[in-house]
Every structure is written in structure tokens, then in C-alpha cells.
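Across the two complexes that follow, chain A remains constant while its partner is chain B and subsequently chain C.
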Partner chain A sequence: MEVCTKMTKKTKNIIVNLLPFISIGLFIGFWFLVAGKPSSIIPTPYEVYLRVVKLIEKPISHTSIWGHVWASTKRVLFGLLLACFFGIPFGLLVGWNKKFRRVFKPLFELIRPIPALAWIPLLTLWFGIGESSKIALVFVGCLMPVVVNTYSGVSLIPKLNVDVAKIYGASNSQIITDIVLPSSLSAIMAGISTAMGTGWIVVLAAEMISAYQGLGFLIIRGSNVSDLALVIFAMLLIGLIGSVLSSLLRFLERKLCPWKVEIKN
Partner chain B sequence: MESRDKKLEIKNICKIFLNKNNGYETAIEDVSFKVKENEFLVLLGPGECGKTVLLNIISGLLKQTSGEIYIDGKLSKGLNSEIGFVFQKLGILPWLTVRDNIAISQKFAGVKKTERYEKCQKYIDLVGLKGFEKYYPHQLSGGMKQRVGIARAYAGNPDILLLDEPFGKLDAQTRYSMQDEILRIWNENKKTVIFVTNNIEEAVFLADRIILFSKQPMSVKENYDLKEMKRPRDYTSEDFLKIRKEISDRTDLVIE
Partner chain C sequence: MDKNKIDVEVTRLRQEAKRTTQKTIIIGTLSIAIFLLVWQLLYSLKIVDNSRIASPIQVLSAIGSKVSDPRPDGNTLFQNIWASFKLAMVGFFLALVIGLPLGLLMGWYKPVDKFVRPIFEIIRPLPPIAWIPIIIVLLGIGTVAKSFIIFFTTFVPIVINSYTGIKGTKQVYIDLAKTCGYSNWKVFKTVGVPSAMPLAFAGMQIALGNGWGTLVAAEMLASSEGLGYMIFMGRNFGRIDIIIAGMFVIGIIGLFLTSIIDRIEKIVLKWRFVQK
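The block that comes next holds the complex of A and B.
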């Protein structure tokens, strides 16, 4: 009896570990099915694989696959870091300081609905078509979600936590660092993760317009020369990098907010 | 011994709130009383009568509309390090471990980490949380969380301890044991205590003296001196039941 339960437990574990691959397997199967028809214009997974091999042998614009991946990732990360550097303190101030909020919130509300892509002409004028204009664009795209989430995290802080700090002698700056910041940390992390998604959207758009490196550039190049296998490969890479980066962020959140994770367990 | 009789003096405190319809609402109407040093004073009143408001005013978290508060004969203006507060809704910070929660007043005062852990250990032991120093609040039961709150108030080493219905949210069994605990802690480490509750039994069990308040607008209704009543008290003894009935008959009924 005991052996039996152990056995089922083991098989159960294997099944649970296999579950995530089911949807991916189904997807690839479906892809084969659709692309395999003679009339289809979509390349099969195997054709995409062949295209990748060719890409390794003959890089596009003298840049390896990793070079393209890194070009895009670098732009997203720099823009995101800049957005955190300015956005988190700004969000904290807007959420915490009433006067600051009254002064800056209307302007912020006015700028917020403008999509990041609408900034492209202005940013191109200011920064040219080089690296800095792309990073600036990612910055603009990431700034809004970071600020909005930080701000809403701060405004949801229980008054009681602040009262506790006051009773036990916290100065105003200690209330910010020791109460406001940790109270809103998980909202801030949620903002960063949203911002990263926006960052990718924006960087791809920017690369499609003017770039010689990056995943967006690969997509637009593939589109221009009807190389759909290249387009699909670039799309898959974007998906892969995006999911790796979000799991990194979740890992970071677990490290930064140990009390939150243990509640979930 | 003038000062010993007047550790804390509440003088003609009034509190008027502006309510939603732009009208005025009197929460506290001219309340005055004195608290002796190391006295265990219980403020008893029906629910929502303004006891918490009064406690917040004494602590300095809230400003009174009129009246004064004197601590050791000195006019108190706002927050005061002489006062520790145990909150009804706990206010234990979820991102800090038990000992970091308890050491928070020393952290704000700039005491070094090792030193403040060392100092706090005494209070961790006092409330019976030894072994739980590195736990996070969500890993603790309700009674243990309230112990953290009590230890935190003690660790600031205040002269006066304010407790706002600290056991109101606990189940009956835990509540009884925490009542024993708070008396033990108070006996081991005497402080001037102001304990707010709406539970008559709890008041009679704990108090040196009970001040009974009316329903809102709150005013002093009666003063019961129980200093002579022997401790530990027995919920079923004759004098306990007698004083309980006496207070119960005088308490305002509030239908919420």
C-alpha cells in the first residue's frame, strides 16, 4: 500500500512537471499542420530552424544573433533603469506629499495618455536617430507605468503603519524610507514589470523605423525581403527573452519582499 | 507626593469633528481625569463612544479641539517619547521580523543593529516570544502578534502605556490568557497604563481604577476604585459579580 502511494506520487510529480510542455507542444503541432499545407505561405518550424542555421553562418549587418538580442535588450534595460531612477522617487513624492501632488499631478495626467510612440518625431529631433533616441523612447514608455504604480502603491499605504512610525519617533525621511517604501515595494515591482513589457513594444517600434541592429530590425528586414522565417524567429526570440526577464523580476521580488512570498506559500 | 498622584492629567478635553454634511459632531465633551504613576487605569465605554479618539489625543496622533494634557506636570504638545501605544488593529509591520518590529523605536532613534537587538531581547523574553525573533508577522497567531505589539511599546521604554482595545479581535480563550499576561508583564515592569475596552469583565479583571464613559458625545459617567480588590481576581467571585452588575447597570446601551 505504501509503495503504491509512493509510486503514484512519483508519477504525479512527473505529470505535473510535464504539464507546461503540453501547450507548447500543441502549438508547434498546430504550426506544422497549418504551415505544412502546399498552399501555405507560412514557413514550417523546420524551415525556421534552417533559417537560424543560415543566420549563424551568415550574420545580418555583421552582427550575430546574440548581437541583435543584446542590442535590443540593452536599450530596454537602460531605458527601464532610467525610468526607475526618475520615476520611483517622483511617484513616491506625488503619492506622499500633498503639495507636490497638487502641483504636478495635473501635468502628469495630461502627459500620461500620450502613447510613447507619439514621441518618436520629437525625440528624433532632439536625439537624432542613434542609440540615445531609442533609449529615450524606452524611457518615456517605461516612465508612466513606473510612476503610476509607485503612486498608487503609496496612496494605498494603511494610515495605521504611518501612525505606528510617528508614535515610535520616526522623522519624516524615516517614514519615507522605512514605511512608505517597503509598504509600496510590491506595487513598485508590478510597475517595473509592466514597464518592461511597454519597453519591449517601444524598442521594437523604434528599431523598425531606424536601426541596423536589434530584433525589431530583424523583423523589418525579414518583412522587406519576404523572409518570413526570419520574422518568426525574431518573434520567438522576443517571447523567450521577455519571459526570461519577467521570471528574473519575480525572482528579484521574492528576494526583496520575503514576507510576501511566504504568505503565498 | 504631588507628582506621583498626577503622572498624567487630562483637562477639559473636547473634540469636535466636521462630518460629511458639513455639520459638527461632538465626539468628546469636556473630559477631565488624572492618572497616578504606575496605575492600571481602564477606560470603559460602549462601542464607538470616542475612547479611541481620546487615546489618540493623549498620544499626540490627533489634536484636541480644546483642553490640555499634562505629563509630569508639563503641557504636552503632540507626540511624546514618554508614551507607548498598543494598537487595536496591531500595526505590526509585515516586512519586518518580530525583533525588527519590536526594535523599531530604537531603529528610528539611530541605535546600531546589534545593540538594539541586544536591548530588545529583554522585552522579547518578557512577552514570551523567545525563539520567534526571526519570524515574520504572518507566521504568528493573533495572540502572538499582540505580544509583539506589547513588546514594541515596552521596548521604547516609555513611562506611559496606552492600549486601545488590544484584545478586542482575539478569540475568547486567547483573550483570557492575554489578560493574565498583560498583568504579569505590568507587574514585572511597572508602567502607568491606560487600557481602553468596551468589555466590562475585562475592565473589572484588570483595573486599579475604572472610568466609565457615556455614549457619544463622550463624557465621564462614573469612577470605580478597585485598588483594594484582591488580585488575581476571580470572574465568579461574589464581589467581582457585584461590581460587574453595578457597572453594567450604569452603562449606556448602544444599538449599532
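The block that comes next holds the complex of A and C.
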């Protein structure tokens, strides 16, 4: 009897562990089913593979596939860096300095609810449709999460820590570098990783609307010439790069604020 | 005597707090007023190129005239708002109806998690607007297609948050319910689901905010109505007042939508707020 329940438990475990493969199998099977019909314009996984091979040999709009990947990544990184460069000091000031907060927080709150993508028409009008308007868009998209997270990170600092530092005669700048920055660092990092997600979305939209390079351009090109294999490949690349970048950020966060992980364990 | 002293102190502190809030409000209003004034002056004195920016007064009057005037995009303001709102709601509720139970079940039952997770991990990192070409091929450019784009945007945060929420259920409560002889399903219903709700609501807020933001892009790429279409047409006709007015309307409605979720949370999860 006991042996029997053990056996069933074991088989149950095996079945549970097989489930991911079954679902992936079903997914691919479903894909083949939809794409397999002769009239279907959805490409099969094999056709996507062939398209990738062709793409590596024959570049689109004079740019190799790596060139497109780099074009999008570059825009995201530039915009993100700019957003951090302005956003983190601004968030710190708003969180730390009462006068600054009173004056600038309402202005920020006025602009904050506007979605990043809604800036596209205005920014393309101001900066044209070249590189600078895309970086400006990513900047606007990334700025909001960076500022909001820095601000809330600063305002969540235990008052006790600041008071202790004050009693021991720390200067204002010492308090900021030794207490405020380290305590809000993990919130800032969380803001940066949200910002990067937004940055990707924004850059794709900008490239889909007007560009000659980048992954968003590949998607819209594929869509315009009914080359869905290209679209699917670009989507896969976007997902892949997104995950790589976010795991890079997680790694950076572990290096920068190791105490956070310690607390979790 | 002592009690009187305390009372005096309390009223003094209260007044002080009141004065600080008043001060904050006054300074905030002033700061926005000065911002608008500087913006207007920059425009009126032609310090910035007038073909690249509209003045606050023009933006306000654009909102006013757009209420009844369908130019330049062919729909009045309320028609555009309604078109966008409808899409956002359809996509959001679809994601809620599918995503909330899915996230909860994934968090509670391991087999469901194992089965759904691989496919979810394929969908998760893809920005929703990347789906647009595929969706256009499968569903055209109608309302259904755009709702699907919103669905993809809102689905992911709802699933993730309800999953994380139910995973965070206190083990003590689960054990207690099990000791009282509840079946696993009943524990899920009476303990797991309620404790997941606060995070699930946070997820809904994020989802609705994201969905509203993405809608703009969906309408720019394929639409003939809606607020995103309106500002895109404003861009094409060089009507900057319409663009900026549209941006503010989009922002305000976004705030309004998330505050509705907040309100619903306070009604549905009364037990969280009465405790005090």
C-alpha cells in the first residue's frame, strides 16, 4: 500500500516535470497547424529559420542584422543614460530638499501622467525624425520611472538613520553620500530596470513610425512587404535582448547593493 | 492642568501641519502658474520659434473648440475619447478575466504553473506594440485587433502581480485552514485569493496605466479615431495646439482611470482599510 502511494507520487512528479515540455510542444504544434495550411501567410518555424539564414547573408537597407540590433540598443542606452544623469539628481533633490520639492514636484506631476508614446508627435516635430528625436523619446520615457523611484526611495529612508548622522555632526553632503544614496540605491535600480523596459517599448514605437535602422524598422518593413518571418524573427530578437539587458541590470544591482540580497536570504 | 497643556500642544501641532500643507499647495500652484506664464511669454515674445510650439492659451482654446469641431482629424474630442476609452476597457477586461484567474491558479497549483509558464515567458518580454503586425494579419485593423494589443499590454502585469500576491500568502493561515479540515480548493478560495488581492489590484493599476499608454501607439499605427489618432493627425497637419491639448487630455484620463481602480479597491477590499 505504502509502496503504491510512493509510486503514484513519483509518477505524478514525473508528469508535473514533463508539463513544461508538453506545453512548449503544444505551442509549436499549434504554430505548425496554423502556419501549415497552404493559404496561410503565417510562416512555419522552419521558414523563420530559413529567413534568418537569408537575413545574415543579405542585409536590409544596407545594415546587417547586428547593425539593426545595435541601432536600437544604442538608442535605448543613450536615452537611459541621459535619463539617469538628469533624473537621479532631480529625484534626490525632490525627495531631500523640501523647498525644491514644493516648487518642482507639482510641475513634474503635471507632466508625469502623459504616456511616453504620446510624446512621439511633439518630439518628432521638434527634433525631426532622425536619431535625436528617438533618443529624446527614450529619455522622456525613462525619466519618469527613474525620478519617481529615486524620489520614493529617498522618502522611505528611516528618519532615525538621518537623525543619528546629524547628531554625530555629519554635514548635509555627507548625509547624502553616506545615507541617502546607499539607502535609496535599490529603489533607484528598480526604477532603472523599469525605465529600460519602457525604453524598449518607446524605441520600438519610434522606429516603427519612422526609421531606416533598428528592430522596430525590421518589424514594420516585414509587415509592409508581408514578410512575417522577418517580423517574428525581429520579435524574438527583441525579447532576447530585453531579457539579456534586464539580467545584466540584475547582476549590476547585486554588485552595487549586495545588502539587499542578504536581507532576502 | 497637564491635560490642558497636552491639548494646547496638540492644537498647535495640528495648526502647524495645516499651515505646511497650505504652504505646499500655495507654492505648488504658484510654481505651475509661473511655468505657464513663462511658457506664454516665451511664445508671445517670439523667443521660441512659434511654428514649433503653441501657447497655453492656444492649447486651452484648442480643447474648447475640439469639443464641437471635428477638424482636423474628423472626430470631436468626445468621440475620440470614447473611441480610446472603449478600446482600453475591452482590452483591460479581457486581460482581467483571463489573467487574474490564470495568475492565481499558477501561484497556487504547481502543475498549472509548470504548464503555463513556458508560454507566458515567451509572451512576457515582448513589447506589446511588437505584436501589431501579427495582429493586423490575423485580425485586421478593427476594434478587435486594437483591443488585442491592449490585452497583451495589460495581461502581463495582471498575471505577474496576482501570481506574486498569492505566493505571498502567509503559511500560518494556510496551515490553520488545513488544520480546520479545509480542502485545498477551499483554502485557495478563502485564504489564498483574498491575500493576493492587494497586489492584484496594484497590478491592475499598472496594467491600466500601461494599456492606456500603449493605446496611443496602436492608434497612431492603425486607426481612424481615438486620442492617439488625434495627436498624430495634429502632427501631420502641423497643429501643435491639438498635439499638446491631446497629450494633456490623455494624461488626465489616464490619471482618472487609475484613480477609479483605487476607488474600486477601497470598496472591494474594505477589510484592508477599516482596520484602523
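The rule is short, and it goes like this: the second predicted complex is superposed on the first by the 223 of 265 C-alpha atoms of A that agree within 3 Å, B and C clash if a C-alpha of one lies under 4 Å from a C-alpha of the other, contacts with A are read in each partner's own complex, and residues count from 1 in each chain.
Criterion: a residue touches a chain if its C-beta (ideal position, glycine included) is under 8 Å from a C-beta of that chain, and two chains touch if they have at least 3 such contacts.
If you're wondering where the values come from, they're calculated on a predicted model, not measured in any experiment.
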Ask   = In the superposed model on chain A, is it clash or fit for chain B and chain C?
value = clash
Task = Could you tell me if A:I42 is touching chain B, chain C, both of them or neither one (first, second, both, neither)?
result = second
Task = In the overlay, answer first, second, both or neither for which of chain B and chain C A:V53 touches.
result = neither
Ask   = Which partner does A:A165 contact after superposing on A: first (chain B), second (chain C), both, neither?
value = first
Key: Per-residue touch tally on chain A - higher for chain B or for chain C   = C
Request  = Have a look at where A:V225 lands relative to chain B and chain C in the superposition and call it first, second, both or neither.
outcome  = neither
Ask   = Tell me, which parts of chain A touch chain B in their complex?
value = 160-161, 163-171, 174, 178-179, 182-183, 185, 257-259, 262-263
Remark   = Interface with chain A, chain B side, in the complex: residues 59, 61, 79, 81, 83-85, 87, 89, 91, 93-95, 104-105, 107-109, 136-139, 152, 156
Complex interface listing, chain A residues touching chain C = 15-17, 19-20, 22-24, 27, 41-42, 102-107, 110-122, 124-126, 200-201, 204-205, 208-209, 216, 219-220, 222-223, 226, 228, 231-232, 234-235, 238-240, 242-243, 246
Parts of chain C lying in touch with chain A, wherever the complex brings them together = 23-24, 27-29, 31-32, 35, 52, 110-111, 114-119, 122, 125-134, 136-138, 209, 212-214, 216-217, 220-221, 228, 231-232, 234-235, 238, 240, 243-244, 246-248, 250-252, 254-255
